[in-house]
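After this come two complexes, each holding chain A, first together with chain B and then together with chain C.
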Partner chain A sequence: MTIVALLGAGAVALGLVLTLVMVVRRLVVRMVERRDARIAAQLRPIAFSLALDTISSPPPLEGRAAIVFTRILGELSVALRGDARERIATVARTAGLVDREIRTLQRSRRAWRRAAAASVLGRIATEAAAGALIGALADPSRDVRGAATLSLGNIRAVQAAPSILAALTTRAVPRAVIVRTILRMGAPALPALRAAAPVGDAQARATCIALIGYLGDASDGRDVLGYLDDPSANVRASAARTLGRLGSRATVGPLLASLNDPAGFVAGAAAEALGRLRARVAIPGLFQLARTSGTSWTSSAAAHALARIDPDATRRAAAAWGASPALHEAADLLDLGATPSDLS
Partner chain B sequence: MTSGTRDQRHGAREYEHTVLHLKAPHRCLPFPRPTYAGLMSAVRTILVADDDPIVRDLIAFRLQMSGYEIIEAEDGESALRLARERIPDLIIMDIMMPVINGFDATTRLRADDATATIPILLLSAKAMESDVERGFASGADDYIKKPFSPQELAAKIDALLRK
Partner chain C sequence: MSAATAFILGYFIVLNLFYLALTALAWREVARHLHAEAYVDEQDALSSPLTPPVTLILPAYNEEAGVVESVRSVLSLRYPEYEVVVVNDGSTDTTLEELRAAFDLVPVRVAPRGSIPCAEILATYRSRRDPNLVVVDKVNGGKADALNCGANIARYAYVCVIDADTILEENALIRVMKPVFDDPDLVIATGGIVRIANGCRIEHGRVTDVALPRGRLATMQVMEYLRAFLVGRIGWSSVASLLIISGAFGVFKRSSIEEVGGWRTDTVGEDMELVCRLHRRARERGDRYRIVFVAEPVCWTEAPETLRLLSSQRRRWQRGLAETLWRHRRMIGNPRYGALGIWGMPYFALFELAGPVIEFLGYVIVIAATLTGVLSLEVFALFALLSMGLGIVLSVAALALEELGFRRYPTERSMARLFMYAIAENLGYRQLLAFWRVRALIDLARGERHWGEMHRRGLGGIASRKA
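And now, the complex of A and B:
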């Protein structure tokens, strides 16, 4: 009984101590927030004046003021473009704020501080931070690696694209973050995408090929064609969609063959691509797929492609006896005034 | 124009003052919001509606340097209320705002006789052609995409106010 009472009292005391610790911690956080807000109120006009070129350099800043000021410059830089943005990057560099954040990124023991530094360096958009951000792609924390990846995209550091794309296979950075970063880098990232596509695992290959579809042009079609025979159905589907997006009519023949792919969603992706390419030669194959595919998505994709290529033939086929539901749907969409983009 | 130059000099003196007192946060630098009580008939009023405080403050700072009086709203509903109460000379409106978005706020302002003729400049990160089209269809006079250039913004404001 005494032991139980002692344990109970101990638990109550522990609970009280923990509550007290949480209350004190919350109060400290609130105080820091208030202090930062006061400092920010002082420093914002200076940051605005620098961005608007009414003053040329900030006052010497130390400690918390330097951190808050760098954060303000980062927020401001994201909102602006042109000369004002370049001025902010120059000021941050010459005032030593970039070096300070780089030191935090490389040396801080706390992952959230390193991630915050990586993020602010990307917001300020200075090339001077590219080396440190590439180094941060090997950081033990996934948050830091993700923040560094996004920042490399913001500063368009194309030299980092091979390392970033390698993370598609290692899963060191979330795929969505990599996709966003490469899209932000734009067409200059294409050589890295072409080099990375054959090397990675199936998911990496499919992602690289999809990105080539968004950033490339018809001349990339030849490189992508080979992936229509990839062992992975996901890669084959991604290649088919990309070929439709790239718009190279030279790829129509291999896409026709993909209408017979054993994976229904690959055949559907090929149908979609042929529809985008307005390939009349594909009409018989598309009719066949729209009528006979056991997968509703595949037959629907084939019927939509037909509607894009030949609306009148689609209406006639839908009116014929025994037409598939997919053809009826495509004809109805045409009657409702669907545009080609509605039929993708 | 003269008052704008005078304000800039005044602003520069304030920053020198800040350098001396940065380590004493209780002595805050006053945010430069010059008053033009004696010039009210000449001062034109601009309503800035944006839920991002740094964008709102930057625009206010830039326009106050040029001698405009600024009213700020952080959502579409406040923007509508302030526009009806104060009848500004121009409205700068973000699109993606809480409560009422910029498209709807613009449409409502155009439908109200009191605010129908106020020039409206949309400022938004929604940069697709369809967004720009929708902005003009809702009654906006001009459109600036975020991120924006302060010089371009000032030039468009001057042009709209000259009309």
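And now, the complex of A and C:
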């Protein structure tokens, strides 16, 4: 029975420790929150004055005050544009706050501290941190790599785009983080996207092509056309959608051919793109698909595309005997006053 | 020590080792989640054009009291693109009329995208005010059938299923979808935490003030839900063995649901059974996949406040568990199914299914042995203290996780009250649950298959559910 007594004593001890952890944590959190609020109330007017250029440098800060002040500058910087933002970055650099965060990013043993430092550096929007942030893309922690990636997007460090896009295949950084970063970098990231699109796995290729659709223009259509023949159906579907988004009418012919793609969702994506391009030449092919496709997903996409291109013809077709459910749906949506986005 | 008492002691030790391991895993995950919050910005996902659209499916059966409030709540979610499909599953009350009047529904034709078998669709409606709201009126076929119908109608590649009597927090959908944004190729299902709304203030389909229920029974369930979600689901999810995504709030890849044939209509545990089948199919095909639990997105639901209703709910859950484990028994202990086969399934079979029987027998044997003098009173007291002590530790650990990670109950008074309940639930409530779960197995052996009763006051009024 000794074992039972020992287990019982262990359980009681564990329970007491956990209870103590809870109580202490709540007390500590409350104390820290109050202290930070007090410090922030004192420092916030100084940060505003720096942004407005009414003072040129902050008072010397140490310890917790420096941490809170860096955080305030980061929050402020995110909300600012132009000169005021530049001033915040300059102040943070000259006051040594940037160096302090870079040191934390490079030396802290705790991953969450490195991730927080990477995040703050991006918020302050200082290019001086670009090198350290690019270095952090190789950090062993996925959280740190993710924070560094987002920060590189915030400071528009386009030179990091190739490394960031490579992470689409290695999964070193979550895909959503990469997408946000590249979108923040904007059109300057296009060369890196064009270079990354042919390499990597299917998901990486599909994502690069989709991003080209949001950042590129009609002139990118020619490059994207080649992906309509990609071995991966996901890549072909992404290419079809991107072509619709880029708006190049020169791509209508290949998109018409994609209506016969063996993968139903690729044909559906091509139909959607043709609808977006308002390609009247596609009407017969879309009617055919809306009436006869074995995949209801595809026939619905075709019917919606038709409704975008020629609403009256869609209503007439839906009223005809033997019309498909997809045409009925599209016609009813039109009668309800559906917008193009309702029909996408 | 007799063989029986040695077995019971050993069983308790192994069970509690499992619990402690799950708690440790959950602590690690919650800490990681907290640190990631420092740099993740939901606004980015909201503005990203690559955020995948989602279809929300709300099966509704006699939900006249709460359905309008629930639909309003989901129509005001923060998410870039989504549609809402309400499936009126042959309600005999005024559910459909309430929806018609509140959302200005007009009859339209909707083309089904999927072909999972389901009961006949009588009519489809779309809201004139919000064309992204579709209402399907169909012949009664039960919740699973209504979900299958909703999945067929769904226009988008991901479906989020929620009960028509629950309330989603404004950011719940964007948060539960986060694993999908990060890994769209791998993630086939995600689930969020369900919390108890009794006692909370609800205004215009939103929980505006979080508080504990006044009633003891509902407060006991708050503790129980914290333990189940914050320890059980987070822990199992972290070792790729999540077996339950609550039917009240879960997201699924539509193509994965179609591949496995949708929700089964011949079980009362259709949510668990579907997740089990998704695991099984993916493992048997050698697919790389993930089924993930996300602790932050919250769905609020109403907990039963009477013993009769709670008993009915728990017996149904236990029957569902038994049916699922029996149907997928070849996965139990089978290394072909990875960590789920080696650890998850045996745990559910030995401790969640057989546990109540052994616990109940344990009480009987130990009490009988004490009364007959086989076991001394001292040893009996030690057993009782050990059993309750470990129970309290696990509940307090769940409470500590809540405090560490989420702090949804802001007042010290609420936490102190929950702490008292963490102790009190081991003195009668836990034993009562074990008794009901044993009864569920007896019901099953007798061939009972019905859902039981679920009268609801409704989060916005009075409702009743019976199917």
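As a convention for this text, the second predicted complex is superposed on the first by the 316 of 344 C-alpha atoms of A that agree within 3 Å, B and C clash if a C-alpha of one lies under 4 Å from a C-alpha of the other, contacts with A are read in each partner's own complex, and residues count from 1 in each chain.
Basically, a contact is a pair of C-beta atoms (placed from the backbone, for glycine too) under 8 Å apart; a residue touches a chain by one contact, two chains touch by 3 or more.
Quick caveat, the model's predicted, so the values are computed rather than measured.
In the superposed pair of complexes, A:Pro59 makes contact with chain B only, with no contact to chain C.
When the shared chain is aligned, chain B comes close enough to touch A:Ile72, but chain C does not. Greater residue coverage of chain A by touch, when chain B is weighed against chain C, goes to C. When both complexes are overlaid on chain A, the residue A:Thr104 reaches neither chain B nor chain C.
Once the two complexes are laid over each other on the shared chain, residue contacts for A:Ser49 go to chain B alone; chain C is not touched.
In the superposition on chain A, A:Pro174 makes contact with chain C only, while chain B stays out of contact range. By the touch criterion stated above, A:Arg85 is placed in contact with chain B alone, chain C being left untouched.
Of the two partner chains placed by superposition, A:Asn154 touches none, neither chain B nor chain C. Of the two partner chains placed around the shared chain by superposition, neither chain B nor chain C is touched by A:Thr251. Interface residues of chain B, counted against chain A in their complex, comprise 8, 11-12, 14-15, 18-19, 22-23, 25-26, 28-29, 31-32, 52, 54-55, 57-58, 61-62, 65, 146-152. Residues of chain A that touch chain C in their complex: 1, 3-5, 7-8, 11-12, 14-15, 18-19, 21-22, 25-26, 111-112, 115-116, 118-119, 143, 146-147, 150, 171, 174-177, 179-180, 183, 203, 207, 210-211, 214, 296-297, 299-300, 303, 324-326, 328-329, 331-333, 336-338, 342.
Residues 35, 38-39, 41-46, 48-49, 51-52, 54-55, 59-61, 65, 72, 75-76, 78-85 of chain A are the ones that touch chain B when the two sit in their complex. Those residues of chain C that touch chain A in the shared complex are 1, 9, 13, 32, 34-36, 38-41, 44-45, 48-51, 106, 108-115, 126, 128, 131-132, 155, 178, 181-185, 378-379, 382-383, 385-386, 389-390, 392-393, 396-397, 399-400, 403-404, 412, 415, 419.
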